[in-house]
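Some structures are shown below for you to check.
Note that chain A is present in both complexes that follow, paired respectively with chain B and with chain C.
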Partner chain A sequence: MLFFSYFKDMVGREVTVELKNDLAIRGTLHSVDQYLNIKLENTRVVDEDKYPHMRSVRNCFIRGSVVRYVQLPPDGVDIELLHDATRREARGG
Partner chain B sequence: MATGLGLESLVDQTISVITNDGRNIVVRHCFAYVANTGLETLYFADFLILFQGVLRGFDQATNLILDESHERVYSTKEGVQQLVLGLYIIRGDNISVVGELDEDLDSNLDMSKLRAHPLKPVVH
Partner chain C sequence: MSGLKFVAERTGDGAGQPFLDTDNGEELMHVQPGTAVVLGSRPPESPGTLYITSKQVVWLSDTDRSKGYAVDFLAVSLHAVSRDPEAYRDPCLYAQIDNGVEDGESEGSSDEGDVSSDLSRITELRLVPSDPNQVDTLFQIFCDCAELNPEPIEEEEEHNWIFSADQLENHEAEEDSEWMISQNSTHPIGRSNGDHDLAHNVLQLQINDQRFEDAEEMDSDSKNGHHHS
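Right after this comes the complex of A and B.
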């Protein structure tokens, strides 16, 4: 629940999603759901010369199960807040 | 809590699907069948296949129903080949990315000149 809420707060920000097949897609976070499936808008594949397969795709849905990393803008991360929230969740509160 | 998957807006649109084994299906009106592309070449290591078609339905597990679909077979040695598939159901756990296909951008691509290395399969 914590990361679902966290990503919901990140909607509208520019993120880079790296998939488990090494494809990295950069775009504006449009929405996220309870499975952490991600919808991006204005997407660009990071290494488009190597991966031209999504050249005609500008909006996409990424299944949560294939996400390896989500790279966030540095100013989008409140480290103290995340620390507190993760510790609270780890304690079961 | 029961929020939608966010695929509603893609229903009846042309979409491009990348599957976990690195295939890509594009779902749209049919393209001419490319002869001399037997199944044995489809799974040759140097090929990447993209699925494309019209999304007719989906469910919570991202199972997809694709209509008028075809595969785009990428290779480093020759241009993209398109294989007509027709009506397909893809089980959700094989789905990586579902992209909305921009028809204008897509029609500007010269598929016969496009070369690409294969996408790696998803490793969990």
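Right after this comes the complex of A and C.
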């Protein structure tokens, strides 16, 4: 549940979601659910020429299981907080 | 995992309806008549009816009872509303399908000629309702159904991103324990002292045992002694 709450705090921020099929979509994080399904708004595909069909898309829903990486805004990452939280989670607490 | 499947059978009269796996709780969530389907870069197919169930998306041709397509929500990687006439002439719901085929895999075995295996290579799907105002409704229903279909548990251990998160956490835990071990091994003297202490304790226990036995013997001796005297 750690990353669920973490991403919930990121709602409204600009993120880039990289899928396992190499498609990278940049957009405003609209919502995230417990399965880490991600809804983005004001989206744009990073490599538009490679994915012409995605050019017209302005909002999308991405299945959590196909996400490879989520790039976060650097100022949105509190490393200390995340470090503590991951350690707590690893101890099962 | 399989991607898009061909649906050659249906139930009911007239244009009919898709078979639902009601034993496993599959329910019909939404019906959108007058919907065309576009598979990959193929031409649009219509007229047809879209059935969204709690498990899958099914499109059935209105005119040919032996023609239809279905894809499980588990295989729908992404869905989006597409309104740009340059990308497609009508507003539509765009979906990407995870067909489980690795990039390198598709080239070697593409000459099977079988309709179903051709379908399993489709990675993009467009659903075009005749009423463009329905596109947002379809988007929302797709969102709801995606949430109804999380990865199965056994899949999670291999493919799910949530597992990757767990793995990271486990890795963190492993790092912690490795750190503890390396801390110990950098102080071999301390550990060796510890071992000595342990051996010492065992020895003491044995001594204590002997003393205890002795004490018993002495006790019984003294008792005997009492009897003797």
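Going forward, the second predicted complex is superposed on the first by the 93 of 93 C-alpha atoms of A that agree within 3 Å, B and C clash if a C-alpha of one lies under 4 Å from a C-alpha of the other, contacts with A are read in each partner's own complex, and residues count from 1 in each chain.
Here, a contact is a pair of C-beta atoms (placed from the backbone, for glycine too) under 8 Å apart; a residue touches a chain by one contact, two chains touch by 3 or more.
Here the structure is a predicted model, which means the values were calculated and not measured.
Participant: With chain A superposed, do chain B and chain C clash or fit?
Facilitator: Because the two structures are overlaid on the shared chain, the partners are seen to clash.
Participant: Looking at the overlay, what does A:Leu19 touch: chain B (first), chain C (second), both, or neither?
Facilitator: Both chain B and chain C are touched by A:Leu19.
Participant: With the two structures laid over each other on chain A, which partner does A:Lys50 touch: chain B (first), chain C (second), both, or neither?
Facilitator: Once the two structures are laid over each other on A, A:Lys50 reaches chain B alone.
Participant: Output check: A:Leu36 vs chain B and chain C. Expected answer is one of first, second, both, neither. What do you get?
Facilitator: second
Participant: Between chain B (first) and chain C (second), which does A:Arg87 come into contact with in this model arrangement: first, second, both, or neither?
Facilitator: Only chain C; A:Arg87 stays clear of chain B.
Participant: Check whether A:Phe3 is in contact with chain B, with chain C, with both or with neither, and answer first, second, both or neither.
Facilitator: Second partner only, chain C.
Participant: Could you pull out which residues of chain A sit against chain B in one structure and against chain C in the other?
Facilitator: Touching chain B and chain C on chain A: residues 19, 21, 23, 33, 35, 37, 39, 43, 52-63, 65-66.
Participant: Touching residues of chain A toward chain C in the complex: what are they?
Facilitator: 2-3, 19, 21, 23, 33, 35-37, 39, 43, 52-68, 86-87, 89-91
Participant: Spell out the residues on chain B that touch chain A in their complex, using ranges where they run on.
Facilitator: Of all residues in chain B, those touching chain A are 1, 3-7, 10, 16, 18, 20, 22, 24, 48, 50, 62, 72, 74, 92-93, 95-103, 105-106, 108-109, 114, 116-117, 119-124.
Participant: Which of the residues in chain C come into contact with chain A in the complex?
Facilitator: For this pair, the touching residues of chain C are 76-84, 86-88, 94, 96, 98, 123-124, 139, 142-143, 146-147, 150-151, 155, 159-162, 165, 168-170, 172-173, 176.
Participant: Residue numbers of chain A touching chain B in their complex, please.
Facilitator: 19-23, 25, 30-31, 33-35, 37, 39, 43, 50-63, 65-66
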